[in-house]
Amino acid sequence: MELLIKEIIGKYNYWLYIILMMIGLYAIIAKNNLIKKLVGMNIFQTAIILFYISIGYKKGGTLPIIEIPHGHHTISPESIDISKYINPLPHVLMLTAIVVSVATFGVALAIALKIYKEYNTLEEDEIRMRLRGK
Amino acid sequence: MYWILDLMILTLVIVCAIGAITIKDLLGTAILFGAYSFMMCLLWAIMGAVDVAFTEASVGAGVSTVFFVAAIFRTTRRTRD
Amino acid sequence: MHILINSIVIGLLFIGLIFFTGGTLGILRMPDFYTRLHPAGKLDTMGLMSFVFAFCIYNLEHLTWDSLIVSLKMLLIVFFVSLSSPTATHAIVDAGIRAGLKPWTKKNKEG
Amino acid sequence: MIDNHVFPILIVITPLVCAFFVMGLYWVDKRLCLPLTILAISISFISSIITLYSVLTSGTIQYKLGGWPPPIGIEYRIDLLNGVILVIISFISLFNLFTSFNQVSHDFPEKKGTFYSLYLLFTTGLLGVVITGDLFNLYVLLEITSLSAYAQIALGDKKRAPFASLNYIFIGVIGASFYLLGVGYIYMMTGSLNMGDVAHLIHNLHHSQAIFVAFIFCIVGVWIKMALFPLHIWLPNAYTYAPTASGRIIAPLMTKVMVYVMIRLMYSVFGIDYLFNTLHISQSIIYLSSAAVLFGGIMALSQDNLKKMFTYIIISEIGYMVGGAWLGNKTGLTGAILHIINDVFMTFALFLSAGNFAWRIKDLSIHNLEDIFQKMPWTSTGFVVVALSIIGIPPTCGFFSKWYLILGAIEAKQYLFIIALILSSLLNIILFFRVFEKSLFSSKPHVMESKETRSYNLIEEAPANMTIGLLVIGAILILIGLYSGKIVSNLILPFIPKGL
Amino acid sequence: MKKVALIVVILCGAILIHATSEFPKWGEINSPASLHVSPYYIKYSVEQTDVPNIVTSVLADYRGFDTMFETTVIFCAGLACFLLLRIFNDKEEETESIFYRHIPSGIIIEFKNHEVDIRDEDFELIDSKFVPYDLIIKTVCRILIPFIQIFALYVVAHGDFSPGGGFQGGVILGASIILLAISFNLKTAIEKISEKTLGVLSAIGVFIYAGIGCLCLILKGHFLDYGKLAKILPIDPVKARAIGMLGVEIGVAITVMAVMIIIYINIASQGKHQEGL
Amino acid sequence: MIDLFTYIGIYICFLMIFSLYRGIAGPTVLDRLIGVNAIGSKTVVFLLLIGFIYKRIDMFVDIALAYGLLNFIAVLAAARYFHKKRGLYEESKF
Amino acid sequence: MEVVHSIRPIAAILVSVSIIPILISCGKDRPNFREAWTFVAGVLKFLIIVSMVPGVMHGVLYTFNIVHLGPGLDIGFKVDGLGLTFALVASFLWIVTSLYSIGYMRGLDEHSQTRFYSFFASSLCSTIGVAFAANLITLYLFYELLSLSTYPLVVHHQDPEAKISGRKYLIYILTTSIGLVLPAMIICYHLGHTLDFRPGGILMGTGGKTILTILFFMFLFGFAKSAIMPLHSWLPAAMVAPTPVSALLHAVAVVKVGVFSIIRIFTGIYGISLLKSLHLGTAAAYISAFTILVGSLIAMSQDELKRRLAFSTISQLSYIILGISLLTPKGMIGGIIHIVMHAFGKITLFFGAGAIFVATGQKYISKMKGLGKKMPITFLAFFIGSLSVIGLPPTGGFYSKWYLVLGCIDAHKISLLIILLISSFLNALYFLPIVFKGFFSKEDDDVDVSKYKEAPLCCIIPMIITATISVLLFFYQGIFYKLISIGLKL
Amino acid sequence: MKKRVISFILTFLFMGILWITLSGKFEPLLLFLGLVSVIIVTLMSGNLLFSNPSNDYTITFFRFLGYLPWIIIQIIKANIHVLKIVFSPNMMEKIDPHIIVFTTRLKKDFSIVTMANSITLTPGTITVTANPDGKFRVHAIDRPCAEDLPGEMEERVAKVFGE
C-alpha cells in the first residue's frame, strides 16, 4: 500500500500530462470547428511542455538561478551543490517550444482568417461541403 | 505536501482544457483558454521553471488571448461543437 | 518582534483569504452578470491587496536592500492592480451594457 | 583566406542572414531582393560543395557551435550522407530561383521581397535539419521549415490553399509534437540530446520500454511529416494548391528531408543493433511501406488533376524509401539513399513541368493537356524524361534506385515489397501513358480554329528560363542514372554503417 | 471522425501510460536526465559565463544556436502573417463608410467614399463600428503603457540575474503597443510604430543575433562563441560572454516585439490596417 | 510559516476551482470573463506564495508583476469585442 | 580471342540518334533534306557495322564500356558474331525501309512525318543497342527504349483504334519487361553477382533448381516482344501502325529484339549445359512449337493482310526460339539464321502489303482478286517473300528450315520435326492463295481494278531489293553462318 | 513645444525612478542600460503619461496622497459591506441592483477617471460609463450604497485635482 501510494505520487504527474495530451489530440482530430482544433493543438503542445518540465523537476531543488552569497561576485564551481538546483535544460528547450507554439498559433490564426474570408464559416464540414459542391 | 498543490493545479488545468474545447462559443473558448494559460503558468512556477512560467505568463495572458480574441472578432463566434 | 510581525502577517493573510472567499462566493451566488461583478471586481482586489501587504511585511523581516526592492515591487503590483482592476471591471460592465444584457432587478423578478 | 572550418556554418547562416536583409530591402528597393536571394543561396551551395569535398578527403566534420564541446553545446556533424543532401538541397533551391522568378513576380507582385525572405528561411530550415547533430535543434529547424512551408502553401490557390494549409498545420504540429515527445523520452532516459552521445548511452537501454516508446513516437512523428501512407492525408491538397514557385521546392525537398531524418534517427541514434535485433517491427513497417507504394499508385490513377496525381506519386515514392531503409541490409539502405537523391530531382522536375504547364493552362486537368506536345514541345520532352525516370526505365536514375531496392528486398526476402515495387512501376506506366496519350497524340490531329479552341491554340511554350530549367533537370536525371555507380560507391557506401 | 479520434487517442494514451512504469519518479534527484549533461551547466554557468541564471546562460550561450532559430521562427511567423493577410489595394473590398469626428464640436461625419483622407488636427478618424470615446480605459492605459514598457525593458536587461530575458521582455513590450491599439485605436498604434519600422525592426532583431554570431566568426571563433568578443571589448572572455548574451537578448526582444505587433495588427484589421479590435 | 503558505495555496486552489465553475458554466461569455478574471487575481497571489515557498521571492515577484499587468490586456481585449460588435447604435451620446 | 576497345559500337548506335535534332530542325518545311539525312544516317550506320565484320570474322571482340554502375554492373557494348548478324540485318533493312517509307508516307500524305522519322531513328538506335549489348542491363535498357520509341509509331494515326492498340502494345511490353524481366534480372544479379553475357553463362551452380526454372520462364515470357503465346496479341494489334513501321519494326527490329534477347539469355546467362541439365530447352521448345502451330492456324483465318502477316510472324518467331531451344549446334544455327532469312522474307511481304495499300487502299485479302495483273512486280516480290517464309528453295528460308530440321533430328525430337513440317505446310496454305488470287482470280464486280497501277517507285525499289536478297541468300549465306558459328563458339 | 519638453522630462524622471525600483542594482552596465531604456520609453510614450502638463504635478501628487487614506478607508468599509451581503444567507433580499445617473462638475480626464475608479473600487457601485463632460452612469448593488453618490467623493476628487 505504501509502495502503491509512492508509485502514484511519483507518477501521477506523467499520467495527467498524458490525459491532457490526449484531450488535445482528440480535439485536433475530432472537433469540427477550426478554431477549436487550434485550441486542441495548443493544449497538445503545452502538454508536451509540461512533460519536459516534469522531467527537469527535482524534489527539494530550487530555481535554476545560482544564489551568489552576499558580498561575493562569483561562486566557485566546487561550492555548487548540483542536486540543489533544478535541471535547467528542459526549461531552455521548452522556452523554445513555447515560442514555436505561439508562432504556429499566430500563423494558423492568420490562415483561419483567410479561410473565413473565403467561405464565411469556420466549420470544417461546411467548408468541405462547399468544396465538394463546387 | 508539496505535490498536493501540483496535483490540484494539474486537475484545474485539465478541467480548463476540457472546458475550452467543449464550450459552444468561441469567445468562451478564448477566455477559458486564457485561464488554461494561467494554470499552466502556475504549474510551471510550482515546478521551479520560472523562465518558462514567465514566458507563459507573458504569452498566454498578454498576447495569445488577444490574438485569439482578435481573430474571433474578425471571424465568428459561432461553433457547433 | 518576530512574533509580532508574524501575527500581523497571518492576520492580513486571513483577511485576504476571507475577501477571496467572499469574492468567489459572490461570483457563484449572485443572480446576474452585473451583480456578480461587484464581488469579483473588488473583493478580489481587496483580497489581493491584503495578501500583498502581508507578503510585504513578511519579506521585510530581514531588512536588506534587496528585500526592500522586492517589497517595493510588490507595492507596485498593488498599485497596478488597483489601477487596472476597476478599469477591467468597468470595461466588462460596459461590454455587458453594449452586448444588450438587461440588468437583473428586483422589479424584473417580481413583475 | 577563409578558414576551411567556416564553411559548414556558412551553409546555414548565409541564407538566414540574407533573409533578414531581403526583408529589410523590401522597404528600400524591391529589385534587389532576387539578386540577394540568389547570392545567398549560391554561397550556401558553394560552401556545401566545399564541405562535401572536405568530408570526402578528410572524413566526418564536426563543428562546435559556440565553441562548446558536443554534449554541452550543439554540434554540426557532417558525414557523407548529409554532405550530399546539403549539396542537393542548396542546388535545388538555387535552381528553383532561376526557374521561378517570373512566376513569383506574377503571383506576388507586391510582396515579392517577403516571399523571398520566407523562401530563404525555408531553405535555411531544410539545410539546418540536415546538417545538425542535435536532436532538439533538429526540432526547431523542422519547425522553421514547416512554418515557412505552411505560409507558402497558404499563399497558393485562393479557394483551397488556406484550408489545405491549415489541415497541414494541424497534422504537421501533431507530427512535430510526437517527435518532440520522443526526444523527451530519450532525454529522460539518457540525459543527452546530442545524437552521437545518445547513440552511446542508448546501448544499455535496449530493453527499456520507454526507449521503445521514444522510438515509436520519434518515428511516427517523422512519418507524419513525411506523409507515409496512413498518415498522408494532409499532403495531396497541400502540395496541389501551393503556389507554383514554392510548391516546386516544398514538394521535392520536404518529404525527402524527412526521410533523411528518419534514416539519421534510425542509424545514427538508435543503431542497427537496436533496430533489427531488439525490435521486431521491421517486417510490419515493410508491409506498411508496400501498402504506401501501392496506395499512392492507385490513388494517383484516380486523379484527374495533374498536380494532384504528382502528389500521390510522392506518397508512393515515400513508401519506396521507407521500405528501403527498413530492409535492414546494405543494398536496401543504399537503394533508399540513392532514391532520396533521385527522388528529389524527379519530383522537382515533375513539379517544374507542372508549373510550366500551369503557366499557360490554368486548370491542369489531364483532358486539358490535349496535344500539348505540339504547343510546348520542350516542356513536354522534359516531362517525358521525368516520367520515364519515375517509371524506372533505364538509363534514367529512377531505374537504378529501384534496382538497389529490389535487390535489397531480395536479399532480405521481402517478396511483398518487391511485388509492390514492381506493381507500382506498372501503375506508373499506366499513369503516365494516360497523360502521354493526351498530350502527345490528340484525337483531332488538326485542331480547327474555332471560338473555343482559339484561346487554346494560343498556348505556347513556357518562358525560356522555365523550359531550360526543366530540360537541365531532365539531363541531370539521366546523368545521375549513368553515374549512379560512382555515386553509390563513392558517396553512399562509405556512409553505410558497419554491421549492416 | 469521432470514433477514429477516440481510437487513436486511447491507443496513444495506452502506449504512453505503459511506458511510464519505467520512468524515474517525479522529482527524482538521481534521474538520468539530471545526471548527464545538466550538472555541467549548473556547475560552470557562473564560472564560464558570469550569468547566475542558468536558463539564460544555456539558452543564449550553450545552446544559443537553438535560440537563434527560435527567434527566426518568430520572425518567420511575422513574415507569414504579413504575407498572408496584408492587403495593399482593397479596391474590390466592400465600401464601408468611414466616420470622422470633429473634435471641438463632437459632430460625426460619415463618408461613403473611400478616397477621403482628412489629415486635420481637428478631425479624428473613428472606426466604422464606432466605439464611443471611453475615457476611463484610455486614461488608465495612458498611465499603464509607459510603466509596462519600462518593465519590459527591465525584464530584458535583467535576464542574467532573474527570470526573464529577451523573449519575455519583447512580448511585454509588444503587448504594451497592443494595449495602445486596443484602448485607443489601431491608427494610433500604427502612428507610433509604422509598418515599415516594424518590418525593419523584426529583421534587425534577428540580425543582431546572427550578426553577433558572425562577429565571433570573423574574430576567428566558432559561430556564437561570445568569448571571442573579448578581442574587441575591453573585458575578459567570461564577461564577454555575458555581454554577448545581453546583446543577443536585446535582439530577441526587438524581433519578438515587432512580430507580436505585426501579427496583432494584421489579424485585428484583416490586413487592411484601417481599424482594429 | 512555509507550511502555512502551502495550506493557503491549497485553499486558493479550491477557490480557483469555484471561480472556474463560473468560467465554465457561466451562462454568458461575460460571466466566464468574470470567472477567469477572478482566477487571474488569485494567480498573482499564488505566484507570490510559490515564491515564498521556494524562498526565492525576488525571482517570482517579476512574474507576478508581469502577470498583473498583462492579465488586464486580455480582459480588455475580450471586453473590447463587445464594444465593437454591438457598439454602433447602442450609445447615442458622444 | 582478341578484345579490342573500339568506339565503333557506340558510334553505330548513336549515329541514328544524333540526326534526330537535325530532323526536328528540318521539320515540315524541308522534307527532302530531312529524308536525305535519314538516308545518310542509315548508310553511315550500315557502313560502321560492316566495318566490324572482318574483325569479328577473325575473332576480334569489339567492346566499349560507358559507365560502371557497381560491382558486376556496367553499361557497355560488345560486338560478337550474334549481335553483328542481327545488327547487319537491321541496319541494312533500315536503309531499305527509309527509302520505302519515303514513298509510303508521301504517297499517303501522312501527318507528323518528322515525329515519325525521329522515332524511327531512335528505334533503330535501340535495336542496335540490343544487338551490341554486353550485358543484361544494357540489353534491358535498350529493350525499354525500343518499346518507348516505337510507341509513338504505333499510335501514329492518333485515332481511337490506334490509341487502343498503343495501350495494348505498351501494357504487354512494359508490363512483362518491368514485371518479369526486371525482377528476374535482379534475382539473376543476386545469384550471379554479375550480368555480363559470358559464354557458358553466369548462373551455373548458383541457385536451386526451382529458382532457376522460375527465372527461366520469367525471362522467356518477360521478353514479350518475341510474341510467344499467350503474350502475342499485341503484335496483331500493333499492325495499325503505318506499314514501314510494321515492316521494319514488327517484322524485323522489335520482334527480333525479343527473340534476340531470349537467345542472349540462353547463351549468355544460362549457358547450354545448364539448360540441358535443367531440361529447360525442351520445355521452351514445346512452348514455341505450340505457338508455331496455333499462330499458323490463326493466320489462316485472317482476312486482313497485315494481320495475317502478323500471325505468320508470331509463328515464325517461334521457329527461332524452337531452334535455339533444341540446344544442338545445327538447331541453334538454324534458329539464329532464321532471323536473317525471315527478316528479308517478311519485310518483302510487308512491303508488298504496303505497296498494295498505297496503290489501292486495300487491306483485305478477299478484295485483292486480280490485282496481280495490275501490279505484277509487287505480287512477284510477294511471291518470293512467301516462298522464303514457307521455306522453299530458291530462297534463304529454305536454308534455315533445313538446319532446323537437322537440329530436330540431332536432338531426337521427332515430334518437333513433325510440327515443323506441318507448319510449313500451313504456311504455304495461307500465303500462296494470296498470290494465286492476285494473279489468277477473276476480279470481283464491285471492285474496279482497272484504275489501279503500281505503287510509287520508292515503294517498289525496296521491295525488289529485299526480294532479290531473299533469293541471293539461298546461295550466299556463308557469311552469316560463319558469324553465327563464331558467336556461338562452335 | 514647451509642454512636450516638460512632459518628456517628467516622464524621464518617473521612468528613471521606476527603473531603480525595479532593478535595485547599481552596476555601471545596468545603469547604462537603464538610461537607454528610460530614453527609449520616453521617446516612445512620452506623450502618453503627461499629455497636458499645465498643472503643478507635485502638488497634485501630494494632494493625491492625501486622498488615498480616505479612499482606502472607504474601500475597506464598503468591502466589508459587500462581504456581508455575500455571506448573508438571505442575499437575494438584501440586494437591489439598479442603475443611477448623475452629473458631476469634474472636467479633467484624470479627475474623472480617478472618480470613476474610486466609484468602482468602493463596493456596491460600478461605473458603467463616464463621459468627459462629467456624466456618470453607475450600477449599484443596493440602495444604501448609491445614496451618497456623488457626494463627498466628488468634493475630494475635485480638491485633489484643483477643480
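Just so it is clear, A, B, C, D, E, F, G and H label the chains in written order, and each chain counts residues from 1 on its own.
Keep this in mind: a contact is a pair of C-beta atoms (placed from the backbone, for glycine too) under 8 Å apart; a residue touches a chain by one contact, two chains touch by 3 or more.
Model, not experiment: these values are computed from the prediction.
Taken together, chain A and chain B share the touching chains E, F. Taking each chain's centre as the mean of its CA atoms, H is the chain most distant from chain D.
Across the two candidate interfaces, D-G and C-F, the one carrying more C-beta contacts is C-F. Chain nearest the geometric middle of the protein is D, using mean C-alpha positions.
Chain A and chain H have CA centres that are 38 Å apart.
Distance between chain A and chain G, defined via averaged C-alpha coordinates, is recorded as 70 Å.
Centre-to-centre separation of chain E and chain G, using mean CA positions: 74 Å. In this assembly, the C-alpha centroid of chain B lies 30 Å from the C-alpha centroid of chain H. In chain E, the positions touching at least two other chains are 16, 23, 26, 31, 33-34, 37-38, 41, 53, 55, 59, 63, 66, 70, 73, 76-77, 80, 84, 132-134, 136-137, 140, 143-144, 147, 151, 155, 158, 161-164, 167-168, 172, 175, 178, 182, 263, 267, 270, 277. Those residues of chain A in touch with two or more other chains are numbered 9, 12-13, 19, 21, 25, 54-59, 61-65, 67, 89-91, 93, 95-96, 99-100, 102-104, 106-107, 109-114.
Shared interface positions of chain C, i.e. residues touching 2 or more other chains, are given as 23, 25, 37, 45, 66, 69, 73, 76, 80, 83-85, 87, 90-91, 94, 97.
Those residues of chain E lying in contact with chain H across their complex are 132-136, 138-140, 142-143, 145-147, 149-151, 153-154, 157-158, 161, 176, 180, 192, 246. Remark: chain C residues 18-19, 22-23, 25-26, 29-32, 34-35, 37-39, 41-43, 45-46, 65-66, 68-69, 72-73, 76, 82-83, 85-87, 89-90, 93-94, 97, 103-106 touch chain H in the complex.
By the touch rule above, chain F contacts chain A in their complex via residues 54-56, 59.
Residues 136, 139-140, 143, 147, 150-151, 154, 158-160, 162-163, 165-166, 169-170, 173-174, 177, 180-181, 184, 187-188, 193 of chain D are the ones touching chain A in the complex. The part of chain A that touches chain F in the complex is made up of residues 62-63, 65, 67.
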